[in-house]
């Protein structure tokens, strides 16, 4: 009766908008990435794939590697911190579960810049991180926290840990507590139960959390900029620099494309894993 | 609000169908490879309480949806009040539906729910108020106009759904297993109410159910369906007392089917006994048939009359049902008949057949139904 | 792990404690460690927030010493014309984004739920990709689009970019609610004489509006708080608040920033709070965001 056709018309406004303002720009990025700059610094189209080989230049390679490294460290820390917290809320939260989870999200409502800047204030030479140990007598002040890799990673962890807690909590909450009891009976030790029962069951949630943390962390430049220094430059800072300083837009576009492709690979891998898990879950239920 | 079509498109013999509220001519409905409705020909008269009865997947709901306009026939013609309605959408048909899940509008109160159809037709406010009042009175929900659906019980929601449909005075009212979600007592009560309402408003009811008792209770005519085909169509007594196919005998009531072969004016049962039975002329000697006897037509031991067909067996099971007790008798390994012990005031205390007792059972030859597949 | 006393054949059976599920849970883990760990986590999470809020009321100019309660930094913020115009700009952008993204996202949700076939699938992918696109990629692509189109960067360009990346949030929320609607309701409405458009207007939208409102307010909060996308697409002046904060941090830190941060927190919390509370105030049992949390019946 034309229900499908009727509905199809509704796809047009949103769909056209997304095509124009999302898909096309990505195409432009790709196109510009093969271009070059003219004498005045403006971007012109052309065929200069050297932009891409420049991305992997020894000058820039450490920046790329560092971004991936920091992001991986962030994921690992988020997991180590987030999993136990999610476990606690899921298993022992009781009626306050929802409130506890909401509390995890609330800090995200403070602007990312302001939150990061708060850490700057705390970790700076005049901040609390120096002040309290000094007052207590543990140090004589002057501990340098800022401008170190750990400050940047710490900032990233702080920014994205909620994205790990939520999916892991979701998976743990949905898990049947009887499974843990069964595991306890079967395996005896806590570690074994975790390894053979909890981890496999919550794996999809963990995977989702890792992806949700990894993807934004790689491209982040705020933490590196505010909490770090020239030694902690990440690819996000590099890209930002191309557009607001070095004025080499084609190279910036090439960097962006490389980063985008790199992340797409992990995204596809994750989607496949999730689809496979969903299929197996449905098959097992049958 | 039927579609006006030129008289040229109506065929000559549809003059008889002008009297019919609903007519299906050679209707097929396919969903991809699956055939849901197969070459259906059906005429439903005005003012009839017509039921379609059958197991899940027999095509009864699909047929109902085609009448309502939610599905289009793959082949064939569908006519409402004599007019073809091939391309008429549901909102322009003079047909209303009572849905299985009631489908009440949760964000509107009872009054606005019932008034919905009238508002679509731009009926005047005063007129709406009058008719909604009438409809609610009919279903005995006066005074509930301001209630919200979520405050109502299942039975009340059902009545709101009924009022919402009836208030529009459709030519045909379609009911899709409307009582399915109600408990037994309420269901029986609603069956009686529905029948009374239908008689009062005189609208054609087309009713879909899988509950054979319900169909027998409310219908003027029943179409027993299986696998997309109408197997038998007739009044409740006819369909129950004179089933034409083993399927109908089995679907309505207990059929007590016995295999046998036609021999003269009787059926030679597989156990060896010869049972007199009304053999139809179309069954030549030697034809394989099934003999069916309704449990209530079977007499046990002393109650057997002269001239009855008599068999013997062992009581293997008793099922207590309150008003009656089913006595299941095994005539031979794998061959069982169900007889009934009445629990009426006339029953004698020694009218009981315990497990393991030998028992004789009999029935009048004319109560045996000779059935054949195909 | 309970230890049962050995049963002597002629002794009365030892009374067994009725085990509740909370008992079972506690027997397995050492909750004390977990409680402490989780407590530390929340401390870690809220400490900077607390400091931001606390020091926004600092009478002194320090970030370390709290010298007394004062509203001077709020005053400084609100009396600064440039900050005020940034606040107004952020609110404007968020409002426009909310309205347009809600409309586009809702219609897109309709289309996706009802249409079958490959176009539906393709548009579904198109809708999902923005959700997983890193912000910096979004920023770069938006910047390139506008400059290549010859547009001057301004509030309008920020709006266009924000809308683009907000549509998907609306679509996801609304679609979930739409899919949960009873399909019989629509059939009933059509049966009673409503055309498809009327069904939309009279039956579907009323049932949908908590979800639409919730996603709209979510979009408002996200837009108001957004930094990276705004950074790439902003013009000279006025700039949205987060971008101004960024500049302020680069060039000199004062507690004014704390004041701004606290105000922004308040505005975001109010927006989310409205999203959760309004449907209940209007007599609905559910709140739109319940869909996101997978609540029953939402």
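Letters are used for the chains, namely A, B and C, taken in the order the chains are written, and counting of residues starts over at 1 for each.
Convention: a residue touches a chain if its C-beta (ideal position, glycine included) is under 8 Å from a C-beta of that chain, and two chains touch if they have at least 3 such contacts.
From a predicted model like this one, the values you see are computed outputs, not experimental measurements.
A.B. asks: If you average the C-alpha positions per chain, which one ends up nearest the average over all of them?
C.D. replies: If we average C-alpha coordinates per chain, C lands closest to the whole-structure average.
A.B. asks: Looking at C-alpha means, what's the farthest chain from chain C?
C.D. replies: Measuring from the centre of chain C, the most distant chain centre belongs to B.
A.B. asks: So, what's the distance in Å between the C-alpha centres of chain C and chain A?
C.D. replies: Taking the average C-alpha coordinate of chain A and of chain C, the gap between them is 17 Å.
A.B. asks: Could you tell me the distance, in whole angstrom, between the mean C-alpha positions of chain A and chain B?
C.D. replies: 62
A.B. asks: In whole angstrom, what separates the CA-based centres of chain B and chain C?
C.D. replies: Taking the mean C-alpha position of each chain, the two centres sit 54 Å apart.
A.B. asks: Which chain B residues sit where two or more other chains touch them?
C.D. replies: Within chain B, the residues that touch at least two other chains are 69-70, 89.
A.B. asks: Which positions in chain C touch two or more other chains at once?
C.D. replies: Nothing qualifies.
A.B. asks: Quick one: in the complex, what on chain B touches chain C?
C.D. replies: 68-70, 89-92, 95-97, 99-101, 103-107, 116-117, 120-121, 150, 164-165, 168
A.B. asks: Could you please specify the touching residues of chain C with respect to chain A in the complex?
C.D. replies: Counting only chain C, the residues touching chain A are 1, 21-22, 24-26, 28-29, 31, 34-35, 37-38, 41-42, 44-49, 51-52, 55, 62-64, 103-105, 107-108, 110-117, 119-120, 123, 126-127, 129-130, 132-137, 140-145, 148, 160-161, 163-165, 167, 171, 196, 221, 225, 227-228, 232, 242, 245-246, 249, 253, 257-258, 260-261, 264-265, 268-269, 272, 293-294.
A.B. asks: Residue numbers of chain C touching chain B in their complex, please.
C.D. replies: Listed in rising order, the residues of chain C that touch chain B are 182, 184-185, 187-195, 198, 202-203, 206-207, 285.
A.B. asks: Which positions of chain A touch chain C when the two form their complex?
C.D. replies: Listed in rising order, the residues are 3-4, 6-15, 17-19, 21-26, 28-29, 32, 81, 84-85, 87-89, 91-92, 94, 98, 103-104, 106-107, 109-115, 117-122, 124, 126-128, 131, 158, 161, 170, 177, 180-181, 184, 190, 215-216, 218-222, 226, 236, 239-240, 243, 249, 252-253, 256, 259-260, 263, 267.
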